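These notes are about the structure you will find just below.
All chains are identified by letter, namely A, B, C and D, in their written order; residue positions are counted from 1 within each chain.
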């Protein structure tokens, strides 16, 4: 049993090794690159699942997590190590990340077929998976931050994978910079923690917080800074703007980013450092409210988008908001449970949508519809995912969302509760809107409806498996709460469950009425809502706001500094340099070039010197 | 024979012996330079092999009387702080010689001057006497004048004169403060006049209480000023953009990579240990200038259109991080500073090499005329990206480990906390300008002008310099102990002297 | 004073010094360059006579031979080649002349004051030095041998230099 | 008996006259003449000091001084001739190429 624990480091290491191998030899492997990546990720996934039972036994027996590490850096007397720490939280994350990554990679074999940089794609995917796994098992803040940034790097590389597209490059850059704003928050939190405690270890920090060594204001500041990092990675309002643009990447990348890796890291971080948040009521309030606002805002924006991949992107923001909301009202279990189920059904939705994109070659709702006749399996998997997302029992999303709503209601904060329930209604509407418009209605596709087929088998298999997961994972709430040891999934009786379900059904019904009944379409909704709809459609002008309020002033400042550097500082320096020249010019006038004059001056000087010396000598 | 002298002497031997050879073929001079710089590198590696990692004091010490009247010695020695820099210099010079292709005429002069410069830099990092240090300081300056003035582009004479005058004034200040320091130590310490650094450190330590605080502060600030010009630090930077823009690429690489470290090394190795009280008094000022440099450099870089100017300001921003690390005056920060010297010393020459190769291909350094090069030159762009990411402090590259430690140290130093909060914003700006630079160069469609040009990927000879640097950047990032192990005891020694 | 003129040597000194100074002033004050050269000859001759008074006959002869016989002739040649009828402008640059005159007069006054201010220590009787050709020759080729060689080299160099400088350049063009 | 003083005084006056001429004359050859006079003044001093001081070195120096005077006259005249021929300058004030 311990033997398996001793090789737990292989879980993150194998995908990283795959990355190294693919970087060195990828171009020679060609199509084999995918299988190498899948093999290594697969072994890691199997290992992650097998670890569950011995590690949780170890956790219960020893009352502390399994730890393994090696000294990486010596700073004075502080030793920073890299390694593996297996807590309940990590044990939950490892299978989620590795299994989803494995399925996405299998799917990508079909999706990316024929791409010129096929091996490179799988190299990045391996690095992405490995970094996320290494992040998850971190025993200290330094390792967490290292792989936190590596995850960011991978998303940069993958979003910008199709480098010929200017849009992709811009989106990649935006993702990196916006998340980096959050990262700086996390970094400052780490620095402050290190300055206060002299350690990077989670255990030491949490102990310092719980033993009230650190001041209340200080803890709140640290918690908020950490949350800034989490909000950046998990695309919470107002740092969510990168996520929809990240749709420029290939769809498997989107699936990976949105389901298991990148965005999950933020929620994971808050759950991991939950004791710090728990020590500050203000920080908890902020987390809960930001979560609820993100959930609601993103859901409203999702209503009006015509790029269906973007709708799902906003849906991710919205669902991540739910997770933050769950954590913010104090239930790690609810938040992490929703993270688990969401990972499965969101991956499924992306893969299904990806299959449509792969076949129809468009992401615009206006250009494609009525695919039911051609892509029945895809449609079915999509609707399973949609049911899970909208929270219809017994699909996965119902159980976890119910847990969060129950936690909110039991905390008694009605503002949060209203936002939470409203979002349920909106969620159901926007996801079924896509479903109805994509698969029903007029039969058309941009390159000819006749050319559309079911996606290749390699893509269908992962979709099928995930569909099963979207149905099944909801029943593992008990296991998850036992694993985390953070209390059961909150329950608040039938009322919440029924209300949520009814709201979801209303949403579905509204979507049905709007999009499948003739004579009543989106135009009517837009007319009905008027400027509100435009606000949804324009994403509340947040991007424009950033452009006008942040980006342009910064660039203007940069241009100003560039000018000033040349005009003021450099000119000052140049003038100092020119001054001796000018003085020289002046003095040079006295140089007539006439030897007689020089001699005369010399003679007079000698006379004066003699006089001075005579007077001086006579004294 | 002292191995340090071998390492320092080999480039000089190459320069002197080469002067007697006819200047016939360009290839001869390339291999001449590569040969001697490689030999110096081998000697430096042997130094590292023989170095006792557990010991913090000076090793391989050699001290001969030079000008006994003034107590000037010809002293060399090495410790954990100078060892990484010695190796770094040797590596960067090898890379500079290997990337010879930019020099199209007068190769002999070029190779010989560069060898003289290497001698000066290697010597500087092992000198243990103030006057010897100063001599090497100047030995570096003179070749750089010719290398920029003869082989540069654009308004190169003006640039060379500006550079030499600016840093020459700083050198004068430095020499005066060195001499004053030696006299101060002799006067208040009661001992003989000496310029030997270890002896001076002891004398200053013993006499510290008796020396007027104002004098100490003035001496420290004078030295810091002179050293900050070399780094460069805001507002003493205005020579740097011109030089980094006009110098030939290998020279720009050497100047930005290694010569700029002379200043930081001087502060860390001379100004701080000799005047610890003044150093802790003035640390807020160093921190302030460091933070201003970080932000100013980064914002100015964001506004540049010329790739080489962008690198110049980026370099200044990184030097700010270095200074902030030094200003923290604690283990973490100082370790970060040394890491930053090594890291930046590897990254920025690499970036200059890559940018030079881009310039060779696109015939332009203007970001507005570039783009899409990933399609034509994927290997080059890959290296570019890795180096850029290292420059913005991405983990698992040397840049992260350096900046992380420097800032962690600054946050630990109570006098710098507020400044550090502001300085951290540099992380965001650096990400912005680096990614913008990469985006404008590598991503997107090829501009029509470049569509016509036949742009090849890198050749083996072009490839080797940046590749070696990239590998070292990643190696230091993944195994920071490479730099950290020899460093820890020496920093401990230094901090004991500070009473910390 | 009476005693001063009782010695014939002294009388001779006064006369010669007077004539020398008159000739010298003629060099400085004359207008026609040719006249200046003639005055210069007078000055040279006066100095030679002083050498005789100082019991240095060899030097007196050398003075006459070299200065009057060689240098003055050379100057005359020079004048002829550059225009013998050149005249000095008069009555211009009065300020400059006054300044320079003041300076040199002050300098002279100071020197004379220096000489007579410490007159007691100055010897008044000639030492009866052996200035025979033998003695001069021994000193010149003995103790001063190296300097003599250097002087001859200088002379040679000056000759070569003069030839090079005055050579017509059109044979190069 | 006349002493050393009058000779030195005479030398000083002669030197002053020569210096005045050298600094004020316009014709280059006249300036050369004045310089010769200054050398002569020095020679008087040499011989006088030698004669009254009892050392033959002064006499020897006069010989060297004669050599130098000859050299000076030769090169000086050559230069004047060269300048006159090449640049047609007769005024010493017009020779002002000494400035940069």
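Basically, a residue touches a chain if its C-beta (ideal position, glycine included) is under 8 Å from a C-beta of that chain, and two chains touch if they have at least 3 such contacts.
None of these values were measured; they are calculated from a predicted model.
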**OP:** Weigh C-D against A-C on C-beta contact pairs and write down the one with more.
**Re:** C-D
Subject >> Geometric centre: closest chain by C-alpha means >> reply: B
**OP:** Would you mind pulling out the distance in Å between where the CA atoms of chain C average out and where those of chain D do?
**Re:** 6
**OP:** Round to the nearest whole Å and give the separation of the Cα centres of chain A and chain C.
**Re:** 101
**OP:** Measure off the straight-line distance from the CA centroid of chain B to the CA centroid of chain D, and report it in whole Å.
**Re:** 62
Original post:
When the centre of a chain is set as the mean of its C-alpha atoms, what distance in Å lies between chain A and chain D?
Top reply: 95
Original post:
Which residues does chain A have that touch at least 2 chains other than itself?
Top reply: 600, 603
**OP:** Scan chain C for residues touching two or more other chains and write them down.
**Re:** 96, 100, 104, 107
Original post:
By residue number and range, which residues of chain B touch two or more other chains?
Top reply: none
**OP:** Write out all the pairs of touching chains, ordered by chain label.
**Re:** A-B, A-C, A-D, C-D
**OP:** Show which residues of chain A lie in contact with chain C when the two form their complex.
**Re:** 600, 603-604, 606-607, 610-611, 614
Subject >> Complex contacts: residues of chain B adjacent to chain A >> reply: 162, 165-166, 235, 237-239, 241, 296, 299-304, 330-332, 335, 372, 374-375, 389, 394-396, 400-401, 404-405, 407-408, 411-412, 417, 420-421, 424-425, 427-428, 431-432, 435-436, 439, 442-445, 480-481, 484-485, 488, 491-492
Subject >> In the complex with chain D, residue positions of chain C that touch it >> reply: 4, 7, 9-10, 13, 17, 20-21, 24-25, 27-28, 33, 36-37, 40, 43-44, 47, 50-51, 54-56, 58-59, 62-63, 66-67, 70-71, 74-75, 77-79, 81-83, 86, 88-89, 93, 96-97, 100-101, 104-105, 107-108, 111-112, 115-116, 119, 122-127, 129-131, 135-136, 139-140, 144, 147, 151-152, 154-155, 157-159, 161-163, 165-166, 168-169
**OP:** Could you pull out which chain C residues touch chain A in their complex?
**Re:** 96, 99-100, 103-104, 106-107, 110
Original post:
So in the complex, which bits of chain D are touching chain C?
Top reply: 1-10, 12-21, 23-27, 29-30, 32-34, 36-37, 40, 43-44, 47-48, 50-57, 59-60, 62-64, 66-75, 77-82, 84-86, 90
